[in-house]
Amino acid sequence: MTTLLSVTGLNVSFPSIRKTVRAVRGVSLSLDEGEIVALVGESGSGKTMTAMATMGLLPDSAEVTGECQWLGRSQSLSPRGNRKSLAGQHAAIIFQNPLTALNPFFTIEQQLTDVALASGKVSRKTVLPVLLDKLSRVQLPDPAQVLKKYPHQLSGGQIQRVVIAMALVCQPRVLIADEPTTALDVIVQAEILQLLQSLAREEGLSVLLITHDLGVVASLCDRVEVMYAGEIIESGQMSDVLRSPAHPYTRKLMATVPDIRGGATVLEYISGQVPDLSRPIRGCAFKERCDRRLPVCDESPPVRALNDGQRYRCHLTSEQEVEFS
Amino acid sequence: MTLSKTSASETMPVGRTNTRGAECHEGPFEPGRAALMGDFVGRNKLFVLGLGLFLIILLTALFAPWLAPYDPNNIDFSVKLEGPSWAHWMGTDDLGRDILSRVMFGARTSLIIGINVIAVAMAIGIPIGLVSGYFGGRLDSILMRLTDVFLAFPPLLLPIAITAALGPSLINAMIALAISWFPWYARIMRGAVMSIRSNLYVSAARTMSISHLKILVRHILPNAWTPALVQASMDFGYTILAAASLSFIGIGAKPPAIEWGLMVSLSRSKFLDYWWTAAFPGLAIFVTVLAVNLIGDGLRDILDPKSRGQQ
Amino acid sequence: MKTYLAQRLVQMFFILLGVLTLTFLLSRVLPGSPVEMMLGHRPSVEQIEAARAELGLDKPVAVQFLVYLRDLAQGDLGTSLRTGQPVTSDLFNRFGATFELTTLALTIVIVVGIPLGVLSAVRQNTWPDHVVRTTSIAGMALPVFLIAMLMQMVFYGRLGWFPLQGRIDAEIALDFPFAQRTGFYLVDSLLAGQWEAFKSAALHLVLPVVTLAMASMAVVTRITRNTMVEVLQQDHIRTLRAYGVGSRKVYYKYALKATLIPLLTVIGLAYGYMLGGSVVVEFIFDWPGMGGYAVGGITRNDFPAVMGATLLLAVIYLSLNLVIDLLYHLVDPRLELK
Amino acid sequence: MKAIKILLLGVAISLSLTVAHARTLTYAMYGDIKDWDPAAAFSLEVVMLANVYEPLLWYNPEGADERFTPALATDWSVSDDGLSWTFTLREGVTFQDGTPFNAEAAKLSLDRTREMRQGAWYIWAGVESIEAIDTHELVITTETPQPIDLIASSQYGAYIYSPDAAEQGTDWFNEGNAAGTGPYQVRQWSQGQQVVLEAFDQYWGGWEANQYDRVILRVVTENATQVQMLMSGEADFISLVPADIVDRVDQEVGLSSYAVPSWKNSQFLINTQKYPTDNRAFRQALTHLWDYDSVVNEVYDGHASVGEGPIPKTMWGHNGDLQNPTFDLERARELLNESGIPESDWEISMAYIGTDEAYKNSALLFQAMAAQVGVDVDLLPGDWGVIWNRAKDLSTAPNLQSMTWWPTYPTPNDWLIGLFRTEDSTLFNLSHYSNPEYDRLVTEGAALEGYDREAAVQNYEEAQRILVDDAVAIFYADIQSRVARATDIGGVQENPAYNAVFFYDLYEQ
């Protein structure tokens, strides 16, 4: 397995005159070929920021530090002027809400063509067959018809497939999908996720799946990274984390995983609020909401590792955890 | 518990928070309103500038009789058409009246115009919008066609026609402006009402057979007034400008009323030689409208952050 | 498309009827009687009575209104009491002047104001944006008449570059005559090959056009910027940029088209502002257009003229909005017409 | 950016602008020609009329050797009984439409004017018949003696026009047509904008090289604009000259500005039938609240003199021994108290033409003075048509109404009868004054004018005394005509009998 993407010590902050919001703090993650990794966290935890920073898509006002490597080659994380960079070559991103992801005034063909040409991997002559091919890969019936249509003439599920096809047009190695299913109904959700999984399996595509809904993606993913308040607080093989979540936040997250109907967020069940990221955080960021708060939580928690590569950031040791459960 | 879950998912469609781009970061942090204000003021120097200017103008208007160095109507031919000096900071006009004093008193007129016009326009427009949006149906279409008629005129033309019909005077100009302005409030109110009419609590209130009036006043009005208020803050300056224009073309304020537009108008034959007769009242209009616009802009950001991108 | 058009036309008809009723009622509330204006300085009592009867002013208001509607159906807007000419021909003579003025001003606004707004939005929070925003908010606070007076003071009074007022130099119009075909002096004089007349007309246009354009520019720039900012924040724009589609293509192809509908609205709005502003501009620059005609009529109780001018301006405004509405349907595939 | 480009383009064009000019004079008039029919015209039209048409006689300004200059009549005489006037008409004159001018044509146009009963027709009211007794002999017969020589030189209603034109009627005229015998003919009329006059080649007076071939009458309603146009050379002669710029314009190189006597005077007519000005003492009080000197010296910048009664001081028949009121707040207070009007009712309204700065400033000054003695003045500026209409109807009339008057032809009765004689239906007696004794005096005076001017003057002097005693108006200013023009115009001569400039007399220096 090759490591396609690795990010180390990523920090994202938004400085302004009065205060600086530190949206992402010291995040490291990696993505191997053909692997599906879930990046999980509630709203405001920094998942999207992490993805955007990796892709170099943050606005110029953002301050980004850290290291990033695509296929072993370093890449600057500065948001200024690197859109045609390695990130652009190797990765494609799918944003949440497919319904707004396409421009309503242009046909699918126009938009896909412009994206394909921009990728530099397709020439104007060869573009049409490529588009038809990608559209059929995302299991859209009658791709030629679809190309002629405007976004409003397609259903939500179809649009999401088009959007995925758009990503594939760039022939990426990595696909970053930011909440790709939240705007869709449950059945279509399942279809889209399945599609992502098959793409990963069949084409060796790595997928970074950003979600707030662990339950939906659990069966799909190989690994999981849990974010809270701009930090990764637990990571590991999906099966390990599901079986024995180590961080109290992850445990709560697990506890709130809903049944099959519960597409909507349930994270509101965790009482309390995400801390204000514009203020310095002393010690553990989760302490205010944690049932297991200790005096020592005012100090920065260490990263602890469990035997099979599972890691978490907490003062609680695994023994205490076991006791607790 | 169940209820809060439903409503949370209904009022906050997931994925919405991110569509506004990076400025909102991820999701709402829900800081207190005071903090938001503080942050806002810090970012928005123009708003503070507007507020400061407006305060000065307001105080000048309120205390004009005490602040003005001269009686604004005092005729003194011995100082006729004198340029700015220590005795007369803004010079004097063709009757030897002190322009500074007149500009100060003019602030009263302009503010009164702005307040009255907006108040009357809201007083007419809001009830129409409320009724129209709430009851809908045929009543709605009749009322809206009615406002269409008023909106069919290019701006300024209708006030001119109405002022002329009622007879040129300041009061009539204000009435005319209010009549030309009310449809906007009717429209905005209607829109706001319609968007909340379907909301749970209103339907609930309706099924419990509470009177329409009560629903309108207790439940709908308090939740629908913000857009109208934002509109009002934006309109205030335009009203002052429109009134000045009416006075300028001779169908608004009349002597001896002290109104800036009128002062500029009466100086037209002289301003090439006696620039101060037109320059200072003109500047006063500019500064006042600018201040009001800056405030309106800022208020909109505070009261209605969602409309930030719009006009 | 046809049904929609028909629907809109019916709607417009009713609005027009309302407009008519309103202007008619307004003109009957006018304080003075128009007769004195019509008859000049010192008419006799008999003349006055005769004129009242002739104008139908002795009949009930309802009858007067019906008579007015009947005449209107025949294209008769009555006779101006001030000029003694049929209002229809007065308006016909003045229409070109207003139209030429506003069209050129609108062109400037579209060519300058909209790109400035786009620039400001694209360079959000950089110094060009700050300059554009500050200027436009300041520009919105400047009364049209003050701009006009400043223009006259500087470019006529101090520099003497442009004529003070009027539409063409009287002598030149006389020595280099041209037929009025389009009502646009610029076009007509060129068609007639009268270069001198063209120059004179062009010079006379500059100050009023620039004044009018400046007055609406601020609003247009501002709305354009805000709309564009909104559009640039939309997901589909972000998507394209994420895929490395070039800025130029993103802004001028995708973003601009998404901005077109709000921009069309802005243009309609700007034209409305201009028709309103033209009243003041025509007044100051003694421009022989409809706005000045309306104001002149109002202060002199010339109600057929007022009614005619107001009606025509409202019709122009309404038609423009109709056209814009139809344009939406051309631009926006979502609004396919059945 | 575009705006700048256009500006630069404009500059470039303006620099390259060169046109061959005819010898042209541009005159800024403050209103358009409304009535083109010389039989009906009774207002600003005189600027056009006096240059396109000619009457039988022109009235000469004061100081000339003769009272009249022959125009279309070369000689004239009156019978001993004063009832029959014989005019010998000029030969070899043609109208601008080619029709020859003769006695028949003169009779036709004067008769038409009389029959149309419009405008100034009434000046001929005493005429019994007009006969053409020869091709160039015209006899005018009157019922009572009348000053037909004066009447024939009237600035309205006395012009002779082509019989062909008369036949085509008022509508034809009102399309901007004219056919007189005068030195200029109408070349073009752009309604509301300008009238272009061009030299009539066959004018009987002939043409000199340096006279103006072309006169453009520009309609410029704003006095500010007129002044600006004069300063920039866009206009050579302007008609609206604000008093306070006269001296300044005169200092400009190439410009000349001055004031000359006129027969115009201004007054505020006091409503004698409306409370509280129906009270004589109250009216008298108002005349003492007027600051005559300040108005004349400051508002009119000295280009006027304090009025003495209804007749201008330079007009014949003026009564020089009137007890004119003076500015005297004490006296005003006394009179107010004498009047018996309760102080709470000391409120009056004052209407005037809003666009006139002199009226406005005078009114503001009056308002301030009145306030000092406790009289409230409500100012009602407005357009002439509007305020006149209100003033005629007692229910809407103001207490004070602005009025500026000038004579149709040079006679004092134009004021005395026009403004103050009882009217069945109010037209210009906006004081709503009615006094049988006064009516008798002025009616008799008018009849006497033709043959016994001395007696007429006696009647008129008595009538003036009555008006001043009754305080029917604040007679405040005899106005000087203010002239502003380019210095290179020669031959300018002021004639108070005509509200016009005679372009034929002018030449380029």
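Order of writing sets the chain letters: A, B, C and D. Residues in each chain are counted from 1.
The rule we apply is simple: contacts are C-beta pairs under 8 Å (C-beta built on N, C-alpha and C of every residue); 3 or more make two chains touch, one makes a residue touch a chain.
Just so we're clear, the structure is a prediction, and the values are computed from it rather than from any experiment.
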{"item": "Shared chain contacts [chain B and chain D, defined touch]", "value": "C"}
{"item": "Longest centre-to-centre distance from chain C, chain (CA-based)", "value": "A"}
{"item": "Separation of mean Cα positions, chain D and chain C [Å, integer]", "value": "39"}
{"item": "For chain A paired with chain B, centre-to-centre distance based on mean C-alpha positions, whole Å", "value": "46"}
{"item": "Centroid distance [mean C-alpha coordinates] between chain D and chain A, Å", "value": "90"}
{"item": "Rounded Å distance between chain B and chain C, as computed from the means of their C-alpha atoms", "value": "24"}
{"item": "Contacts with 2+ other chains: residues of chain B", "value": "19, 21, 168, 250, 268, 271-272"}
{"item": "Numbers and ranges of chain C residues touching at least 2 other chains", "value": "31, 157, 234-235, 238, 299"}
{"item": "Contacts with two or more other chains, residues of chain D listed in rising order", "value": "222, 228"}
{"item": "Touching residues on chain A, where the partner in the complex is chain C", "value": "55, 57, 61, 83-84, 88, 92-93, 95, 97, 100-106, 111, 114-115, 118-119, 150, 152, 163, 166, 170"}
{"item": "Footprint of chain D on chain C - complex, ascending", "value": "31-34, 36-37, 40-47, 82-85, 90, 93, 108, 111-112, 152, 155-157, 160-167, 170-175, 196, 199-200, 202-203, 206, 209-210, 213-214, 286, 288, 299-301"}
{"item": "Touching residues on chain C, where the partner in the complex is chain B", "value": "11, 14-16, 18-19, 22-23, 26-27, 29-31, 134, 137-138, 140-146, 149, 153, 157, 222-223, 226-227, 229-230, 233-235, 238, 271-277, 279-280, 283, 291, 294-295, 298-299, 306, 310, 313-314, 317-318"}
{"item": "Contact footprint of chain B on chain D as seen in their complex", "value": "222-224, 227-228, 242, 244-245, 248, 294, 297-298, 354-355, 357, 360-361, 363-365, 367-368, 379, 381-382"}
{"item": "Complex interface listing, chain B residues touching chain C", "value": "19-21, 46, 145-146, 148-150, 152-157, 160-162, 164-168, 237, 241, 244-245, 248-251, 261, 264-265, 268, 271-272, 278, 282, 285-290, 293-294, 297, 308-311"}
